[in-house]
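In structure tokens below, several structures.
Below are two complexes that have chain A in common, paired first with chain B and then with chain C.
Right after this comes the complex of A and B.
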């Protein structure tokens, strides 16, 4: 039962809302109406509204808000800025969805005929369709070959084009203009984190990126760079170089789910003492996806931190863990105060206590059970409960160090006695990224904490808050249970069966990454849109 | 910010339109875009056409505009002799209100006017749009210029027309137009959140924007019919209709 609870708890906002809507939209659809309308009313209207105005019953729990189809503003197009999308453009988004948003992909749920009918039906919401000529896809040509010189050129043009004003120096959405960006509905919108190409709405390939640069993302601040090419300021080839450079900011492949974070055994050297120690570059990295906490009230539908890159090492005496994540500001940052106020205004007042008053820091929590469990039984992942408490390392950006604590449910953490505090922290913030190192002796005198053991999979979970995004308390980004595995001093023995771990944790991470992978494999760029190949 | 203003009061008490000239050539369209209106496709009868010109007087306390922090953009900051201010409500020293878009709203439906071949210019200078309010004819080219040499994006969000979002990272120009009449089309620079402009798009050339002095001129077509001149304040003050008969009987200085 508990396991089921956990798995459910991990479903992301999108999935839960989709389930919710499944029920909500089912009634009152007349069989005589067209397939497009029937399908739309059932599956889409809960978010997009029966009239297509983006005001479905669930809409106000979302940022970005569901699209208002009456304006016919479509982000992902093969047509010029301001032009209508082609049918194929609309169909593609219906198929694959928009990863950073609640917009799900419908490929697996709806038939081909239903999805085609939806395209036609969506168009009926706006009088712009059917006026004038059919929208024509642009001939985007072919991608140039990538090389170091191309990447250097791309980086240079990224500067000349001043992409950093919104996206930040290294693309993490931390540009100086990022704090005031609004979408067409005057809702705050984030500049995309360019280091996470698997979450781009229009796909993460070089071709996809190039298309977005040429067409812009209508209804968002992301402009089209077509005029810049037309005016001869930048050549098309240089724009391809920018696309290659942007692609290079993200990892080669979308991160897989590593259910197990491997803590490598360091035998001949000292453990790193800082978060920036180059020794960290030598050990493997696991990606831990986070989702909004939408189980306990007040829930949080707009988490900023959507994933952590986690590494670990130990030397038989101490365990060191390094966690990196994108966050556009070092909270509390006055430049983001207005952003924070707007997000709270939009997302927070719906339920529960008001958010923490005053400036709020960024926070990170690493959570373990209080004992290495013998079976599959673990405390409730949302910070335990009365009977099964959890043990935590708690860090916040406005205080030095970190604190060990025990928690019996969300928002109940109590620090361990100061004599028993043994965890140390070193954190740096640069270019929209936190790098945090936490270290603790593997075993301690304290009875309230966890004594780590080698050669065993030890459950671990994570929580993150972006203070400048209005996050505090239960308004957090959360993970499910993962495992950390401290390598044995002796030749490595049996590694935890990955399948078992998979079976236990399951969850949203898999959905997200699975979806990203699928997009990658199938290629959101399809053959028929590359006219020069024909 | 300006919610406190009683719009009715502002209007009733303060908006004045002078009927300055008698009936004259209808082709003298006034406004920035009027240039080519002499060659009408569906001629205006000069004998019955008239001109309206006027100024918009602002009475009461002008709301304080906000200072713009241009620290991030020293190039722009340096272009301003004094601290730049937002332009939602600009009251001139002589008490007239600038940036009011005045146009003939009704009465021209049966007439057709050629699209001026001359583009109108919208400049981005000192991280401000120049002008802040602009009138064009549908189909008329708008040259959008970046005089700052740093990144601006021009994000137009009309509802009757299709919008666009153009990037101009260096000193350069681009051209756009709007297909159908729409009053007003908002423009915004997302890089510099304070930069906004408004374009009034009409299917005739009879429109004007009140300026730094006091004159707003527009022509009306028929002296025997009211020309429904509409005063369009920037959204801070909302849109307001004023119907003013276009006959020679009005004496200058008439307060509406």
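Right after this comes the complex of A and C.
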């Protein structure tokens, strides 16, 4: 069914393209002058091109490429697969954007009138709008209630409908077909990571997910499942359970960005020795967003790792840190070799030096200053500089363990002498996710590394590479400085002040009430004597 | 309910609660009504406002003898009335517990990032070394404004902006590019009247050419993700993108001019 859907989508795209080319001679885009055109030319043409063909000057720095409006293929619709979107559909994307792409939301930047005018103007790029009936939004009905039974049913249908083939067993975009996916413009496209619903194009609620299942994402390999429902293979209710199941793969709420990672103090148990130790489920998790390294040449505009889930613990002797992230493959994976070659072809050539030849592993770097800063000054976040180096824990998927190193700028890391290596690593890869634990004594004999201190915020930064996405060297995903805070045992003095406050307030209360009651007993006599004053 | 609202104590409590809700959660919505940006009040200001409200209420209840007596009466009753024994015990215990808890919350160790001070517009140097040449910034004008075709410069500036700057500063020029959330400090918004509108083009040239690493220490060069664009762009490229920034954001650069309008010659 899925394959059929893909073929159907591509035939549709080809037909649309052919029709457009036939019609292009006759004046092409009709120039509707006015607010729509001026707004479009000023704010949209840089990416989508003045002719609406998705070939603006920025296009080749972006993947997915900007939408080609001449094809009239819109992913996010409330209309049936293969149909045009409603005006409200187009307007919604202008308002809120497409979070997994470079398309921002314009709600706060353009006026209502400008955004309405844009909807009308976008439609002039294609001959299909304005012919025949207005596109009609589907009545999607109301969401079913979620329950364990519904989620189990949803999981079953997820298998039956073969969602796993692209999105992977647990939704991290790591399915076996994910390596070959293309959009209508023949550009490689990722299967969505279903554990990040806050980034879904078209919204992350159960209702949004159901709409995408029902209408498909035209121009992408994601088919509509309406025909499966119509054919009686599954019911509408079962499609709702799939939506509920997909929603359940992501956290309840979108993660906020915590500036401080709390390393909890473990006093009555041993620190975990592996990345999978269940003790990790007990400590808090911070989300660290990563973005492409576009500061130093060669730059990288297509990072695969877009965020890390970081935890930390210490027992006064050692610090353990666990980092988890979505990555569809354990690089180098031969199944992804062709994907890698295509991404490099598209994204690398305009950026100078060719990427590392041969198989490239996944990599992760945790970075600290060499000393806990005393003032505000700290090393440059992008791996330090000549004057002020950084200290790093470097891990790669094709070698056991991890290496401590010093860096003075991106691409300059030199390992510390082997006698001073003290960091240990434990890593597992499963279902499109790396889980890595790094552990090191809090203080060491070495003079080249950082001696951690408790009770203060210590700068920390992260770097990640997905080898199978063509990433190595400066082609990386990076973070800015965050902080790790090693908790201290709560000092006894912390309890003295509240106790004193309790005693003083309580004492004062008793005193006031006591005096009032005493006065009352005496006062009954007084009041009787002077009733007028009461 | 109505009975309580006619009683001065009930009225005072109602005003107090309403004032707290208004100050804590309501005020933040007022400035946007007249188009100004807004932020929640800091708790010290909330405390100050609440003290003012309490003093006002006390003035009001004590202003009139009868009201004052009525106001005190329920509190007095709780303290002395034998029938209010339970309420009295609860109050005597709950109040100190609340105070103790608030104290604990204040003194316990907190996990917070260090406060970072950063000058957003550090003073520019008098001259910079640009790609091996010395450029005097003082008095420096954008040479493209008096050379060639303005439309061509803007076209070129737009290309450079979209191929290099959009990821962070955004296609809306509001500092909201798709990478903006990954950096701290977040990229500047050129729409903001406090950024390029306050600067001469030569200062903007310096910031673009030298980027984060070229900031003086008070600007926090170790945190800024702004690249040093002299490694990527030529002098004319930078001047062109500066022209585009002002044009697209609808701002005019600050001028050096003894004579205002000196720079508006085209």
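Note that the second predicted complex is superposed on the first by the 456 of 534 C-alpha atoms of A that agree within 3 Å, B and C clash if a C-alpha of one lies under 4 Å from a C-alpha of the other, contacts with A are read in each partner's own complex, and residues count from 1 in each chain.
Keep in mind that, in the parts below, a residue touches a chain if its C-beta (ideal position, glycine included) is under 8 Å from a C-beta of that chain, and two chains touch if they have at least 3 such contacts.
All figures in this text were calculated on a predicted structure; none of them were measured in a lab.
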Which superposed partner A:102 touches (first chain B, second chain C, both, neither): second
First (chain B), second (chain C), both or neither touched by A:339: neither
Which superposed partner A:455 touches (first chain B, second chain C, both, neither): second
Touching partner for A:297 - first (chain B), second (chain C), both, neither: second
Contacts of A:82 with chain B and chain C, given as first, second, both or neither: first
Which superposed partner A:224 touches (first chain B, second chain C, both, neither): first
When both partners are placed on the shared chain, which of chain B and chain C touches more of chain A: C
Of chain B, residues touching chain A in the complex: 72, 150-151, 153-157, 159, 162-170, 172-174, 190-193
Residue ranges of chain A in contact with chain B within the complex: 71, 73, 81-84, 128, 160-162, 165-166, 176-177, 180-182, 184, 216, 218, 220-228, 230-231, 233
Chain C - residues contacting chain A, complex: 69, 76, 79-80, 88, 91-93, 95-97, 99-104, 107-109, 111-114, 116-117, 158-159, 161-163, 166-168, 170-172, 174, 176-179, 181-184, 191, 211-213, 217, 220-223, 225-227, 231-232, 248
For the chain A and chain C complex, residues of the former touching the latter: 42-44, 46-47, 56-58, 61, 101-102, 104, 106, 108-109, 257, 259-260, 262, 289-292, 294-297, 301, 376-382, 385, 388, 455-457, 478-481, 483, 485, 487-488, 490-491, 494-495, 497-499, 501-503, 505-506, 509-510, 512-513, 516-517, 520, 534
